[in-house]
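To keep things clear, I will list the structure first and then write my remarks on it.
Chain lettering (A, B, C, D, E and F) follows the sequence in which the chains are written, and residue indices restart at 1 in each chain.
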Amino acid sequence: MLLHLSTWTEVETYLGHSKGIILPIGSTEQHGPTGLIGTDAICAEAVAKGVGEATQALVGPTINVGMALHHTAFPGSMSLRPSTLILVITEYITCLAKAGFQRFFFINGHGGNMATLKAAFSQTYDYLANFNLEVRCQTANWFMCRSVYQLAKELYGDGEGSHATPSEVALTQYIYPEAIKHYPLSETVASGYPIYSAANFRRDYPDGRMGSNPALATPEHGQQFYELAVKELSNAYLEFINAQ
Amino acid sequence: MLLHLSTWTEVETYLGHSKGIILPIGSTEQHGPTGLIGTDAICAEAVAKGVGEATQALVGPTINVGMALHHTAFPGSMSLRPSTLILVITEYITCLAKAGFQRFFFINGHGGNMATLKAAFSQTYDYLANFNLEVRCQTANWFMCRSVYQLAKELYGDGEGSHATPSEVALTQYIYPEAIKHYPLSETVASGYPIYSAANFRRDYPDGRMGSNPALATPEHGQQFYELAVKELSNAYLEFINAQ
Amino acid sequence: MLLHLSTWTEVETYLGHSKGIILPIGSTEQHGPTGLIGTDAICAEAVAKGVGEATQALVGPTINVGMALHHTAFPGSMSLRPSTLILVITEYITCLAKAGFQRFFFINGHGGNMATLKAAFSQTYDYLANFNLEVRCQTANWFMCRSVYQLAKELYGDGEGSHATPSEVALTQYIYPEAIKHYPLSETVASGYPIYSAANFRRDYPDGRMGSNPALATPEHGQQFYELAVKELSNAYLEFINAQ
Amino acid sequence: MLLHLSTWTEVETYLGHSKGIILPIGSTEQHGPTGLIGTDAICAEAVAKGVGEATQALVGPTINVGMALHHTAFPGSMSLRPSTLILVITEYITCLAKAGFQRFFFINGHGGNMATLKAAFSQTYDYLANFNLEVRCQTANWFMCRSVYQLAKELYGDGEGSHATPSEVALTQYIYPEAIKHYPLSETVASGYPIYSAANFRRDYPDGRMGSNPALATPEHGQQFYELAVKELSNAYLEFINAQ
Amino acid sequence: MLLHLSTWTEVETYLGHSKGIILPIGSTEQHGPTGLIGTDAICAEAVAKGVGEATQALVGPTINVGMALHHTAFPGSMSLRPSTLILVITEYITCLAKAGFQRFFFINGHGGNMATLKAAFSQTYDYLANFNLEVRCQTANWFMCRSVYQLAKELYGDGEGSHATPSEVALTQYIYPEAIKHYPLSETVASGYPIYSAANFRRDYPDGRMGSNPALATPEHGQQFYELAVKELSNAYLEFINAQ
Amino acid sequence: MLLHLSTWTEVETYLGHSKGIILPIGSTEQHGPTGLIGTDAICAEAVAKGVGEATQALVGPTINVGMALHHTAFPGSMSLRPSTLILVITEYITCLAKAGFQRFFFINGHGGNMATLKAAFSQTYDYLANFNLEVRCQTANWFMCRSVYQLAKELYGDGEGSHATPSEVALTQYIYPEAIKHYPLSETVASGYPIYSAANFRRDYPDGRMGSNPALATPEHGQQFYELAVKELSNAYLEFINAQ
């Protein structure tokens, strides 16, 4: 059940039997010469919809732009500053908490969002306590699902890398087969550098990939990743909302 | 050309011949008992994609949650505070301006965003001037296109109202025919009250509609609205980016 | 009754029979080679005092500096950023709401304030709801009074323009006849350009006027505008505070 | 020369021979049962205008609402939070500094503003350094002029007190003789309590006065205070703008 | 009793008989060629510990970095902006106030903190009132103790100056005899310039001292200052927490 | 070399041969019935000083209060909100970066700081890029050193837990043997609950410990942990500042 395709009376009914909501969060950032700029948002949204269907949970609107400041030296990348993203998260949750939602399950497609999400949750709990509202938030990274991770290692070995990975590229290929990109990738790919500023990132990772070989991706792999992630996160969601 | 389905190298190429980008902005808010909560985002995104295709323009990610504080007494509505939305807009534009974009065309689906967008543009111009960046922003409300407005008046007369209107409902029916809602609407509908707080709004407009009769909407109307809006805003976009 | 010329015990008495207050808001910005930099504040304050006298309403202190970032390339112009002006408005209203005021009627002299005022009202309603305070705010632009507008068209036709207009200049001449400026104006005047950054504004509107011919203004006209605005806004104020 | 009664071209001319500007800052707060709520703004503005005339200096718009949170338990009092007032001061100065002003002389009518002004100046210097702008700011409290202070002690002795003082009340009586208030004051007046929260303040100082006997004030005294303050601050202003 | 060397159960016990806490606040800033960068924090912390011992009061963690923007042109100086320091102070107090503390005694080692502390207290009172919390805060500057001041005048005369003073240097020598610095000081020392920006400060005070001769300091003096400050502030603390 | 015990001229000299600085960051929060509230700050500061000595690095002032909102239902706990801590970190680094420092090594004693530190670094890089400053930051958690972790597992097995751990308690016992607490601990200890709000945390972890048995700690263990951490982080620091 998608919030965007529901009416407020349907939400009212939903709240009669569930206090949980799923919020997809991605990013708008370079994913190497062949990865889509929307990769993280596309993956998070698709997996979230799948989990919503499997668990009858409500799925809210996708946060398309996350914390990707380190990618902004590549054109087309967009980012909020962490302190702004904290405000955004706090305000999303506050609106929904005042309406009766109590459990917020963020399905996340971007590693760079994790720290800010965690900080935002702490700040939100503290803020809502002023108004005697108590909620619980959880980040669920689809790419860190055990089953997803294992398949990626199996299929790609070291070629999985850590950004513009074949697993995420495969998932976007499954979702948008019409947007599969063909572009020659250099054989060598930078890897292992720590992440500092955007300028530094671009110097260290000149084509945007971090140790990955996205040429290994196929739409069929993408379907496998999708199904594994939906299954694993559906269980995680149910556990989350059913916990005392 | 959708930013989310592009690579950074494609964006680099695009910047070689255009400095313009389209950014859809909607809202996540109640639209009466039969209107979708995502109506404003759905409409803005659909029209923006249409304009992008017609003009070869790049279309960025949709801002799904806008300024809808006055709707938040209805469950499922979400909003940013104006000062947060100003930050979000400023940071979107700043990232893109540093990459070379100069003209930002916001296709907007929600009247409640207009004031904050205007304020945000002023604040962004002033901020970017600190770094010798100069850009231009414009808000284009699809529902205020002259052709759209005329058709709505013709088809619905006073039944168009001003929120949860049959024209916007029709457009969502055209885009998501599977999500057409059937729910009995009271014959009388509140109208004419000024907008103050969320609690006040819900008291004045108990089912969320403002003077509208969305039961008049059909998907066929929706297609007409879509085509008129795309045509009119495509011209507006071209005029905007071609202005000296 | 001017708040600045009242005591707190008088305000306490006033609150016993009225919950309304008028707040004048202007701007400090260039108004062409012959218009006063304080034009918008002067006009708003004068009209507000007139309305206060006519309706026995309390009139608060004038907000002298508003949102005029686009004028700041002309020396002497001052502006708050929209997000700061939102804070200012919120804090003004919060102080007064905690003391018992419930209806805030902003008499505004500057078009550039309108968007930010609207955003500020939304943000304030939402903030005060946290403390179970509910207020109503309204912007009343003296220059958009129907009677004012009609007289301006009658007297000046196209020469009214949209900034540094003869109608506002006339009003300042009526209030400060000793400050009537004589300075040769070029016959041609820029008009029709959209407003972007301050630098852009100054390039497009090199002497600061927007399509206006303030040389047409006279103090006698000013008196007429004053009387029309006071009359029309007095009615508007009474309607506002008497509404259920 | 008042900024509000000047044109931008006159300001441009002024900047050709002076980089200084005077900014009056007051407050909107209770001043006991007979003192005007606008006392601090009225006094600061009047003295500033006097200094402007005596020194040919430009006088900007009055900041009517300052930092008076501790007075807000009395109706009609208004205040900005210190962090908001810091933003306001920073933005006023920034606009003017970009236009070429370099010396900012704040004539202040309210002790409660002093700390925030000082903090604001530090923050502004630091902010402007980012853009290679260097300015100087000074707070000049008219009520702390040596000559003013001496006359007050002479005329009123201990009755001067520290808030709603006869000296400031006298100055408002001189400026607004039509607004002299007659209201019986209790013979005993609270004094000596430290200032904490607004609620605490009202408990400690139930009628708003702090150790003062404003019944001693006369308009003639007010004129004397005015003349002493203008003379002393005119010298201070000239010294400030002429310093290397 | 040091908060950092206590457990939460000990704090709970403490709150059973006292609602007061001492918070040391210093700065991290240049203190001339021979003064320690930590001087203000070291002194505030040492005196606070002494007062804590003498009065059985709880002593919280030292705020090491304060408001020292004007010193930041000298390497090693660090500062918060006033608006950030206000947030820090507000959040410190809020945490402790929610736990039951009501009286906050800031032992301060840096003149530059005073204005921002005062502003922060006002803002905190106002914020906490939203949650029906009422607290009292006081700044106690060890270097402004009457007894300290008198001894400094006696020992150093004009050589005390106003920054990098022999009295504060002496106190650090008493606390850290192993960190006594020997560095030739020029015989002439700048003094009397007002404080503006960091760049301006360094131009006016090229070696960082303000009219002081820290070569006069000895560890023995330091002990005397320590004892005087502890005695005087212990009395001040007891008076503060015992006041109605 | 401690910044607080250095002069600005010594810092200037230091910058001639190193651009690195170590910043200890801890927390002020409950550590169970026997752990010190200052545990995280004490440990971070001690290890940082050790690393500073071993590597000749400059060590800045300790950030005593970090992000511990979830502990604030226990008296004596203090916390900054994440968005405030981000400001604090940004401003610390900005001051030092403008003075010439380029590598910032944060030795951290509290898991709850990690997310906010990471967010703060991203925001700082982005901010400094506006002024053409490029720096590198790294978080080094002493308790996550491989050697520390291994020894803890060896000595305590599951009794290490994840908060108020015997390893951190041991380290504080080594540093402050006079502050070893004796208090009966319940045999059962809560563990495994996720961290949400402060109220929730206290319900789940009623005595503040998370699965740990701090009764196992000894000062001798503390010395071992200290030496291991100093050694491992000294290597990490040198690697960090020597990296290209």
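Details
By definition in this document, a contact is a pair of C-beta atoms (placed from the backbone, for glycine too) under 8 Å apart; a residue touches a chain by one contact, two chains touch by 3 or more.
Chain-to-protein mapping (UniProt): A, B, C, D, E, F = Amidase.
Given the structure is predicted, the values throughout are model-derived calculations rather than measurements.
The minimal number of chain-to-chain contact steps leading from chain D to chain F is 2. Chain centres here are means of the Cα atoms, and by that rule the chain farthest away from chain F is C.
With chains reduced to the mean position of their C-alpha atoms, the one farthest from chain E is B. Here chain A and chain F face each other with the same set of residues for the most part; over half of the interface numbers are shared between them.
Inter-chain spacing, taken between the CA centroids of chain A and chain D, is 54 Å. Distance from the chain C centre to the chain D centre is 24 Å, each centre being the mean of its Cα atoms. The centroid of the Cα atoms in chain B and the matching centroid in chain C are 29 Å apart.
In chain F, 72, 81, 87, 130 are the positions where the chain touches two or more neighbouring chains simultaneously. Taking chain B first and chain C second, the full cyclic order of the chains is B, C, D, E, F, A. The touching residues of chain F, when paired with chain E in their complex, are 2-12, 15, 28, 30-38, 41-42, 60-65, 72, 74-81, 84, 87-88, 91-92, 95-96, 98-100, 176, 179, 181, 183, 208.
Every residue of chain B that touches chain C in the complex is listed here, in rising order: 67, 69-70, 72, 81-83, 86-87, 112, 114-116, 118-123, 125-126, 128-129, 134-138, 194, 196-200.
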